[in-house]
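I've put the structures underneath this note.
Paired with subunit B in one complex and with subunit C in the other, subunit A is shared by the two complexes that follow.
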Partner chain A sequence: MTRTEIRNFLITIVLFALAALIPLSDSGFWLSMGITIATYMVLSTSWALFSGPTHYISLATGAFYGIGMFTVGVGIELLPYWVLVVVAAVIGAVVAALVGLATLRLSGVYFVIFTLGLAELIRQIVTWVQTTMGSSSGLYVLTNITEPIIFWELLILGIIVYFIGWWINRSRLGFALRIIGNDEVVAVHSGINTAAAKIILFVVSGTVATIVGALLAPRLSYIESSIAFSPMLSFIVVITALLGGAQRLWGPIVGVIPFMLVWDFLTATFPNQTTLMLGICFLLVVYAIPNGFAGLIEKYSHRLRGRT
Partner chain B sequence: MKTFLNSKKLMLSVAAAAFTAVGVFGGDAAAQQTIKMGMSAPKTGPLAGGATVTHWPNVKLWVHDVNSRGGLKLKNGRAKVEVIEYDDRTNPGEAIKNINRLATQDKVDFILAPFGTGFNLATAPIFNKLGYPQLAVSAITDKIPTLTKRYDNIFFMLGSTSTFTGSVVKILKKMRSDGKIGNRVAMVNVADAFGIELAAAARPVFKEAGFEIVYDKSYPLGAKDLSPIVKGAKASNPDAFVAWSYPPDTFALTAQARINKLDVKAYYTAVATPFPSFKGKFKDAAEGILGAGGINPDTPELKAYFKRHKEVTGKDADYWASAVTYASFEVLGQAIEGVGSIDRKAVTEYIKQHEFKTVIGPVKFVNQNSERFWTVGQWQGNKFYGVSSEGRPGARPVIDKPDWK
Partner chain C sequence: MAARSALSVKNATKNFGGLIAVNQMSFDIEEHEVLGLIGPNGSGKTTMMNLISGALRISSGHIQLFGHVISGQSASQISRLGVARTFQLVRMLNSMTVLENVEAGGVFGHRKLWGGSLQMQAVEMLEKVGMGDAVYSPISALTYIDQKRVELARALMSDPRLLLLDEWLAGLNPSELQIGIDLVNSLREEGRTIIVVEHVMDAIRSLCDRCVVMNSGYKIAEGTPAEVLADEEVIRAYLGDDHA
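This part shows the complex of A and B:
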């Protein structure tokens, strides 16, 4: 490890440790805010692991998140919760691999459109199964898992995602992905198995989203397909990741935090005009910080270094 | 005449001056007292449509009613009600955050329950942890016993899934024994949580009652074209048509049934049938249509309620959950007055122990569940009348649905 890497590693550990203290404070509001931020932090970071280097915009996050939620909803009366999280992760990985095999040979807009449809496709399959199997009641997930536990689970998952990301960046795989992102034809001619590299990353990203869904199911208590497979989720993940900057591992997190705080402020201050205000904010962001917050931070830190 | 008018004006201004003087010089604590109420429900997203009919206008109306009579009566004087509203964007995570924000940031005294089954269930642990009573109205579930055992502060007012299906079957049985319909039932449902739940609960009950389900199909939530469903139902030659439907499809199915002349003596669609907009859209063709909910709109209390609702909010109340939502606020208000303070624990206890006089009649909770509610209603003339209830008097006899015009 180089000195900067050790420094960054220590900063990360300290930040996560500080975040882990949030549930100990008395404010339920900041805890639920923390869960929202942690959820999107994990989702956006894992999204950027795949989409950052390859430039493939995936809108499938909602599909995997929904799979995780439904796996827990359907199985909660049959299996212990922790087993279900693992089962969900396996199902998510398998689905991601199948989807990857089928679509990652495509590129560009075809891939975007397919992933957008995926959430709706899986949602329809799930409801069809639910209707034909005739489950006599809705999907209730009544457990004793409280908000602090969910928050800590998400933080741990976040740390794992960070280390996977850090490791991939250093590995041959990460190098291959960067080449694919810059020019896929060159990558193929250099002897890189582009399909395999992309599928591996897509599986990692999809599995993480599935686990997040499974972890959040106890928070909702009652699982509805319209909420579990919300297309909004996929879009917010992309927006926050791009706002932060998908090229850096820590990019999405500097996007998620301000985005969620601003959105929350708007919801609280203008309950009747939230969407309008959000639209204005997007316009401002596009004009003022086109490279995302990560770009902004790096620009200023370079300047700072230039002076000293 | 003129002098009289003037003297009236004069009296008014003297009274106003006296009032101000009291406000400024005496009893400033009593005059300034307010009770802060929190409220989180959808203003945007898929559930916003239902909430703007059933939920939000009643918040406005109740606050208006309470404040225009001087506020809630507490031990240390009257307190006006002030509401802090948040939009949950039809997202349960957001609803949880809003409830937390209301309790820990805004430090409100009470929180009105959210809108929708999923939202009441998602926020129940938070209400429970923070110790706020939760009077859930728009939450219909078969898990009431389990939930009330888990959360000692949640109350249900609109009934359970199985009573809903049960009373539809009861009505059809009665019509059959009166020789009006035969055995053939066509059943469709929206393939979403509530629709699946109701359809699954209905199947065995229909069979047990000796009905033959000749058509049984589901359609996805948000399906745009329902004509194949209605045509299929018509081809099965049914005596009764039952749809466990949601707001958009309740309208779409009925429009198709009218176009395709699906003439049955018993025609039932579930959620949103009692909406004023349903009658507004189908006019005379709505006559005889059965739907989930109902109420007895001819009691003096409800007549006055419907009138006030229109005057204060500018909108018509629906013939089901609107009045129950308002009644849930009345229960909370009366419990606060009964205790005489904002002691939430005592208020929760008070709700459990007492009977309340509301616009929908007396409300009493047994094991935190109000066991008196309407289950089926029918459009008869210009109103949607309750035709089947649990423990509520005044149910009207069911009429045969005339053929589509």
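This part shows the complex of A and C:
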């Protein structure tokens, strides 16, 4: 490890340790906000692992998140909760691998549209299964898992995702993905199995999103397909990752915290116009800060270093 | 057979719908040989290169590399077997440094370097193509010929058994051209097996041991540069009936 890596590692540990103290403060608002931020931190960071280097914009996060929630919802009467989280992760990985095999030959807007459709497709299948089986439209997940526990679980998952991202960035796989993102023709002629590289990352990203869904299921207690498979979630993940900067591992977290604070204010003030607000946020991010906060920070730190 | 055939193309055909871009092409290239693939614009040279490198799938016929059938394999598999190439329109990895652009060629292909040895080889390769002082430059700072040199260094990083240069000398001014020719000549002296697609006649005369001439997808002549450039059908293909 280089010195900067050790420094960054220590900073990360300290920040996570500080964050882990939030539930002790006894403030309901900040705990709830912390869970939301932690949720999107994990989702955006894992989204950027795949989409950052390859520039494939995936809107499938909601689909995997929903799979995680429903796996817990369906199985909670039959299996222990912890087993269900593992089962959900396996289902998520398998679905991601299948979707990856089927779609990663698509590029650009076709890939975006397919991933957007995926969440809706799975939601329709779930609804169809529920109506033909004659069960009610929702599922109850009643556990004794409290909000602080969910928050800590998400933080641990976050650390794992950072570790995976750090490891990928310094591996051949990460180098391959950067080449793919620059020019896929060069990548294949350099001997890179582009399909395999993209599928591995898509599976990592999809599995993490599925686990997040499974971890959050106890928080909702009542799960409905329209909430579990929300396209809004996929869009927010993309916006926060772009706002922070998808090119850097620490980029998404820098985007998630301010966005969630603003978003909380916006949804409280304009409860009926959330979709409109989301669209405006998206346009602002894309036009005003195309490289995200990470891009801005690096630009200014280079300038500062240039002067001294 | 005296020398070992590095690449053997047999009846290679590629059609795009009704258009036959490469028609029943057959030729061989020996190890350590520099073969020129020439012909007028649109005669199918680049398509032929794409068939060899696997960028395009062959419609019929087959291609062997050192006796091993490579037609039908993917470009990445062919690259791992030792075929490296440059592109007609130079292809750079724009968000990466010059060094990383070169390193890209030596990690996943015919050679699988990593870490210190990768970086050492990449710097060495950059020095070889005359780019030793631009190791950490961004790609945007490079001129056209420098980008072409970086691309060549990337192709050489895999220590290819067969190197394909697709109009590598096109678009260079006269002094750059001489540098370019010298560079390819140094590769030839190393004993590399190279196929060049080229329009620059001076380069063909000074570089190629043998030429294959294509017109409208067919092979119309084969021989030493002097022979083929004197061939009536070749002159007709380039200049029209009046000159033949």
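Convention: the second predicted complex is superposed on the first by the 279 of 308 C-alpha atoms of A that agree within 3 Å, B and C clash if a C-alpha of one lies under 4 Å from a C-alpha of the other, contacts with A are read in each partner's own complex, and residues count from 1 in each chain.
Convention: contacts are C-beta pairs under 8 Å (C-beta built on N, C-alpha and C of every residue); 3 or more make two chains touch, one makes a residue touch a chain.
For clarity, every value in this text was computed on a predicted model and none was experimentally measured.
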Legend entry - Partner chain(s) touched by A:Asp26 [first = subunit B, second = subunit C, both, neither]: first
Inset, instruction - Give one of first, second, both or neither to describe whether A:Val112 is in contact with subunit B, with subunit C, with both, or with none. - result: neither
Inset, instruction - Have a look at where A:Tyr222 lands relative to subunit B and subunit C in the superposition and call it first, second, both or neither. - result: first
Legend entry - Partner contacting more residues of subunit A (subunit B vs subunit C): B
Inset, instruction - Classify the contacts of A:Ile257 with the two partner chains as first (subunit B alone), second (subunit C alone), both, or neither. - result: neither
Legend entry - Touched partner set for A:Ala268, first subunit B, second subunit C, both or neither: first
Inset, instruction - Report for A:Ile35: first if it touches subunit B alone, second if subunit C alone, otherwise both or neither. - result: first
Inset, instruction - Write out the stretch or stretches of subunit A touching subunit C in their complex. - result: 172, 175-176, 178-179, 181-183, 185-194
Legend entry - Interface residues, subunit B side, partner subunit A - complex: 43-44, 46, 85-87, 89-94, 96-97, 100-101, 103-105, 117-118, 121-122, 124-126, 129-130, 141-143, 146-147, 150, 161, 189, 191-194, 196-197, 199-201, 203, 218, 220-221
Legend entry - Complex contacts: residues of subunit C adjacent to subunit A: 53-55, 74-76, 79-80, 84-85, 87, 91-96, 100, 103-105, 107-110, 114, 154, 158
Inset, instruction - In the complex, go through subunit A and note every residue touching subunit B. - result: 26-33, 35-36, 39, 124, 127-128, 130-131, 134-140, 142, 146-147, 216, 219-227, 230, 232, 264, 267-268, 271-272, 274-275
